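Provided herewith is a single structure, encoded as structure tokens, for subsequent inquiry.
Letters A, B, C and D mark the chains as written, and numbering starts fresh at 1 in each.
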Amino acid sequence: MRSPSKTCIFFYNPQFSDFDPIDYAELIRYAMTFPNVSRIWKYHDFIWNEQNLTDKIEANGIDHLIVAGLLPGTVKTLFSKAMAIAGKDPANVILASFNDYYTGTTFDMDRLKSVLACLIAGLSYETVAIPDENPVNPATLVIGGGIAGIQASLEIAYSNNHVYLVEKTGTIGGKMATFDKTFPTLDCAACILTPKMVEVNQNPFINLMTYCEVQEVSGEAGNYSVRILMRARKVNVKTCIGCGTCTEKCPAQAPSEFDYGTSMRKAIYMPFPQAVPNKYMIDAESCIYLKTGKCRACVKVCPVPDCINLDEQDHEVTINVGNIIVATGFKPFDAKKMDQFGYGRLPNVLTSLEFERLLNASGPTGGNIHLRSQDKKGNWIFTEEAEKPEKVAIIHCVGSRDKNHNKYCSRVCCMYSLKFSHLILEKLPGAEIHEYFIDMRSFGKGYEEFYERILEEDVSIVRGKTAKVEERNGKLFLRGEDILKGEILENTVDMVILSIGLEAAEETRDLSRMLGIPRSEDGFFEEVHYNLDPTATSRGGIYLAGTCQGPKDIPDSVAQGSAAAARAIQSILKGKIYKDLISIPLETIEKRINKLTLVQLEEKHL
Amino acid sequence: MSVRVHPELRNQLMQFGIGDWNACYHCGTCTAMCPLSEEGFLFPRKKIRLMQMGLKNEIESSVEPWLCYYCGDCTSTCPRDANPGELMMSLRRYLTSIYDWTGLSKKFYTSEVWEIGSILLIAVLVVIAFLIGLPAMGYSFTTELTSQGGVKINSFAPIHIIEAFDWAMAIVVGGLLISNILRMYYKIIWKHGHTKVTFWVHVREFWRLVFNFSVQPKFGKCDDKRYWFSHWFLMSGYTIMFIVVVVFLPWFQTEKILPPWHLQRALGYYATFGLLFGLLVAITGRMRRKDVKFYFSHVSDWLFLVMLTLTVITGILIHIFRIYGMPYATYIFYIIHMAVLVPMILIEVPFSKWSHLAYRPFAVYFQHLKTHAVPRKTKINSIN
Amino acid sequence: MEEPRIGVYVCWCGTNISKMVDVEAVTNEVKALPNVTIAKNYKYMCSDPGQDLIIKDIKLHNLNRVVVAACSPRIHELTFRTACEKAGINPYLFEMANVREQDSWVHTDRTEATNKAIDLVVAAIRRVRYHEPLQKRFVNVNPATLIIGGGISGLTAALEIANAGKQVYLVEKSDQLGGQVKKFDLTFPHLSSAQQMIRPIVQRVDNHPNISVFLETEIREVTGYIGNFKTAISVNGGDPVELEFGNIIAAVGLKPFNPEVISEYNYKEFPDVITSFEFEEKLLAGRILTVYGKEPRNVAIIHCVGSRNKKYHEYCSRVCCMAALKYVHQVRAALPSANIFEIYADMRAYGKGHEEFYALTTHRQIMFLMYDQQKKLPVINQADRSDNCNMIIEMDELLSGQSIEVPVDMVILMVNMEAQENVKQVVRAIGVSLCGNQFFIEKHPKLDPVATTTGGVYIIGTCQGPKDIPDSVAQARAAAARILGAIAQGSVPIEVTTASVNELLCCGCQTCIGVCPYKAISYDENNKVSIVNEILCKGCGTCGSACPAGAIISKHFTDLQILSEIEGVMSMS
Amino acid sequence: MDFRPKIVAFLCNWCAYTGADLAGTSRIHYAPNIRIIRIMCSGRIEPTFILKAFQQGADGVLVCGCHPGDCHYQEGNYKCLRRFKLLQKFTRQMGIEKDRLRLEWISASEGKQFAELVNDMTKTLLSMGPSKVKSSLEVEHLNV
């Protein structure tokens, strides 16, 4: 790229949105210091239309121009056109899209200046802003043991490098382990996931740390020091044989986290039968001994001496790693926030995750679909004693695509809802199923074909989101609009499934602070470059994988898991790792620009 | 037969209200949330669609905007910034301008200068009529009081002149309204050549007009019943006052001070309280902007409220000053009262917001005519 | 050979198997069979306790063969082989009976399903008797990588591997790098410049010391096997260059669909009906003009052209909706007063920031019109003189239920992405398969989206299925991770169940050499026998069935093993 | 006892066997008369295997491989096809009706087609009755 001799800058700062915290005056002052910047205009200096722009380009003999601001692409075509009319090359309209260099809540002015300086010199920021390198510790920390974290861990372990896999709950597997079948191939989630989980446990390069949480991260790329809280499991993972005698005898119950509260588990429990590690653990909240000092039933029946230690306390360890992969996943949208659907009030309005458990052969009803009922103690749970529903409604986009809740699309709900229809028909032949959707987003490989297949099945798929669910005569009454027919849609069903969206997990906020990586407006972690680096962050050696970066389905999460691992492996192979992108001072950038414009860029950054 | 879309119509429509209804992505939530939306008469989503596509004829033949009482549930649950409640309000403004053959309504709704200017002009004419017109006709007022100590109001505002003027105004306004309603009838019922409403149906369904005018059962179907009550209270007060002032003015505007329980005063008090209560609810609502229905305020909304409040307050003051024998105050406020009332009636009733008192019940009437003329599934479903 | 001592384990798989198959009956039925030392059933054989059960029994009862009746061997064969290995017996002395995917899940009569399960377990028992121990083998990995395709995915993968200090050969069919992204003006949803994005990447690849770029080059044939591939390429018809590499990445991408076949759109007939790619050219040139050199007053953008329709392609192209919304902003910027019509089927704004972008677009004075992409496509007709426009689109609008006509001067067809013409040639050269939509088939659609069933060959980007830039880039890195991992290890395991020649029986007829698709068999002139190169051999067994002398042994699929299995499935009837 | 035909099926590992697994994961039900034997490639199938199955009393034999051009081993299925044509002439001479021996292509995504194929073949065999060649095929050297 040659260095343009004469450049004009147009600042696109129309200020129609509240979200424009950039100090343009400062940027203008900075840009004026460059000798090859001939003129600068702001958005309000004149009316940006074809005529005025063409006049400006002709009058000032502009060959190169930079449009800088938030979403300057919005006006790019206008500039291209003006350039073309003025007889100049439209390719010389350069965008300085500041939104690509957003770093959390505020804009780092030095970074924006760097971007401008590069573009003024006719270079791209990515070419110039290559951070310095540090030596790298070959161990890697993976936070989160869902499918993305598992994939990333395995990938690194395959390269014979050490991985610490830290998981908050008592088992790895994440949300995927709770699913029944996966769309669109309908292979069962456990069947394809458990071999990977077992592999993680068996791989000598992976140090699996379940029931642990990251407390503090310090250091920099290549050498992070991480303090990890190891919660007291109170059952020795090494000696437990997983026989289950303790659970049989335990008198205390609590809602099962794995079943999303739709069934009860004991205070000493294994999250699910194929849990990895396949060992028991004690929930201190519900354990009678820990509350009253009496019981110890589990200790008495345990066949392994000293396996259960009810007095075990939490403790902390510190590990040193070179790279960190964040794969903390998502949390489901709280359907109680949308009162019109009655979730939380009406027992047979379920969330999609609860329904996954209901469908799952290892779930509370052994994979049979039953209505929710109350047990003797008054807990609303699923049992096989309850009746089976005859009519089921599935409502899409609950909490998603909604300015009152989450503006974004959760990407997976359409497909899993279609999957539900298919599975319900399979388990309850003759059941009446209604799906209510807005736009059917079956975009992935084989997804459209799956949608076509469900359309041919005996399911009514209606365009138009049902808005209200009420109880009438013990049934659920729905009201909506059938948009294609132009009719009011009123229906009475036995069960309503809310296709809830995905939200950033709770720990996202704390981790964001601990790791120094920004979050985007929607709460998910922000990648360093939307298109080119969807798995990297602005901090060196810290990567993102899976749904913590934004909602996505299993194959996309897996691809990201591997992609995040690529960078870690690359740095280990090289023995060096790039420092933080944001750590490059403006002077350094300026110096490099000077050097690069003198010696035609080339090899430096390779 | 296919219809041409008109993208430019949307921009025209947007002059009648606040909002960009293009944000609607057709989830159907608003229709489902609306307790008034019913089979064959779906809204707001369908109306948003017509607006987005600029289907002029379809919009003009709609009765649905008049069936909406703006509870705001649609807007508060709308997942986008489409604001369906305000769209229905804006469509009512637009339809009012469409029914109006003089073209003034459109001017009033889309230009603040036109609306406020006309009001001021009429107000000035009223003041001139009192200050110059009446003296020129030879009337002179007295500051003497009646035996009861009341103001001799008829000396200032000769009852037969005022009554004649009232009748004249009523005829003009009524004529305009009736002609507009005929146009409404033409657009909603007549224009659809392929459907027919028998005369008998017209007669049989007529009761709906009366019933809906007096009780407003549709409004009562909204989830929040408070607004139905305050609106009904206001409306009944207004109607009583209107009838009393136009038809029974000689009985109403007396110099004799009747006992408070006398029908003349009792009706007046009822109407006053009804109006005040309704106004208080509406004004505080619009100022607090807590309820969706009051969140967006068009100039016409505020103008109407302010004028009606002024009318009521001046009316109360006239009453007090008259009873307590304060002739100058009475006469001054009489002029102010008339300077507010006359433009309000002349502009608001046939051309602006107030016209809904006629259009709403007629819309329900026409809705039922339509139901009996058009079998349920018609052209809407032709392509499905 | 020592006497077989077989342990048989029947899995319940929770209720998955036990619901339709009487596992207890199966266990009892096979208990008494010859060579069966022990037969058990358990709730989850694949769980740790299940595997421990096998390991303990092997040690306790001195078992030397194991049969597990459970799910498909494609899922858990490895799990149980590992368990056997742990217990000290060769993993190939294990056999699995598929009583879930091919029995309990597909049948509805419990007795029949149980009988079938018994047959399958008996067959496995008979077969496993003749299993022989086989040894795992490894080959070294050449640290160089061949990448086919110089689009955004190929470039990203190349940089990722090259930056780790490893050699990359990048082969591109056309005369420049950059792929489809090079043809775009802006990217969605941040409307950043595609040119500014791709240019530095191409530059970096061009100048990278570890990357050799071969333009206008196609791969015709690749020989070798994982870790050690070879190909000869000729650049511009010059002398062939021999390349050696350990892994292959296919990133051949997709190409735009040609809408000429859709009669409704009259593409080519009407010059102002253009494809999205032709529109990008106009955007890059800065002028949006009709053929008459005028600015269009009405622009329509039709979605799903060639997509989501069984007549053309059934699949969704995944990016066109967002690209179409991007065009709205671009048209609006250049033509502030033009009417823009977005004619769509479902708005698929599913990615990060996409729905927000869609919401933003609705505020740019645009009319969205919905059509049925399956049943009734809009029809583009010539307009009359009185219409005051160039063309008229007639369509059934679904959201209003009206049949409408839309005046237009320019129509942009958001064309589908479909397979490249040379895809079959690439597939053949690198030994991967295509699915019905002509996309490359991944090893597993969910858990292994970038690997293929051929070791050392990876597929990334749109050739695996349509996707946008971030998803392509993520896949590129994922493949790079795999390859860097293999390079770091230095060696990879290779096929164990290969063919081998019993030289005593071989008559030297060389029939086998002709049938081997991998050129793994050669003729030993001295001994007059055929020899199998067991690194090249992939174990298909074709030679084994072709050999007239029965001299070729297909390891783990010997005649004896298969014939015993046939006897086994028929033995109970 | 009513006649329950028995089918021995040889399925290649990459396409047909995966397709049969897909029928399972998709819970597509089909007749329980089939017994599947997994081989790596349809090219591995020897005439002996098929004759052995008939000899053991199979009423039908089904061979499934990848669709032409899709073979995981490039062209094993073509070789299978060639041999199959030859064998079919032979088996007909032996008195085995044509419909008892079938070769079909099933891809990894054709679970439904596989189920339909099994049902169809079962139906055909039901109408044909039990295979009569069992006794006539007691050929000495085929016994293991």
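Operating definition for what follows: a contact is a pair of C-beta atoms (placed from the backbone, for glycine too) under 8 Å apart; a residue touches a chain by one contact, two chains touch by 3 or more.
None of the values given here were measured: they were computed from a predicted structure.
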Based on mean C-alpha positions, which chain is nearest the centroid of every protein C-alpha shown?
A
Chain pair showing more contacts of the two, A-D and A-C
A-C
Just curious, how far off is chain D from chain A if you go by their C-alpha centres, in Å?
47
Centre to centre, by mean C-alpha position, how many angstrom separate chain A and chain C?
24
Take the average of all CA coordinates in chain B, do the same for chain D, and state the distance between these two points in whole angstrom.
82
Centroid of chain B to centroid of chain C, CA atoms only: how many Å?
67
Send over the residues of chain A in touch with two or more other chains.
185, 187-188, 191, 401, 403, 439, 446, 463, 483-484, 486
When you check chain D against every other chain, which residues touch at least two of them?
25, 27, 109
Contacts with two or more other chains, residues of chain C listed in rising order:
347, 359, 398-399, 401
What kind of graph do the touching chains make: line, ring, star, complete, other?
other
Okay, what are all the chain pairs that touch?
A-B, A-C, A-D, B-C, C-D
Any idea which chain D residues touch chain C in the complex?
6, 8, 14, 17-18, 20-21, 23-25, 27-30, 32, 35-41, 43-46, 48-49, 52-53, 56-58, 66, 69-70, 72-76, 79, 83, 107-109, 115, 144
Inside the complex, what are the residues of chain C that reach chain B?
339, 341, 347, 358-359, 362-363, 365-370, 394, 396-407
Please output the residues of chain B touching chain C within their complex, sorted ascending.
1-5, 7-8, 10-11, 20, 22-26, 46, 49-50, 52-55, 58, 80-81, 380-384
Residues on chain A engaged by chain B in the complex (per definition of touch)
340, 397, 401-405, 438-439, 463-468, 479-489
In the complex formed with chain D, which residues of chain A make contact?
181, 185-188, 191, 426, 446
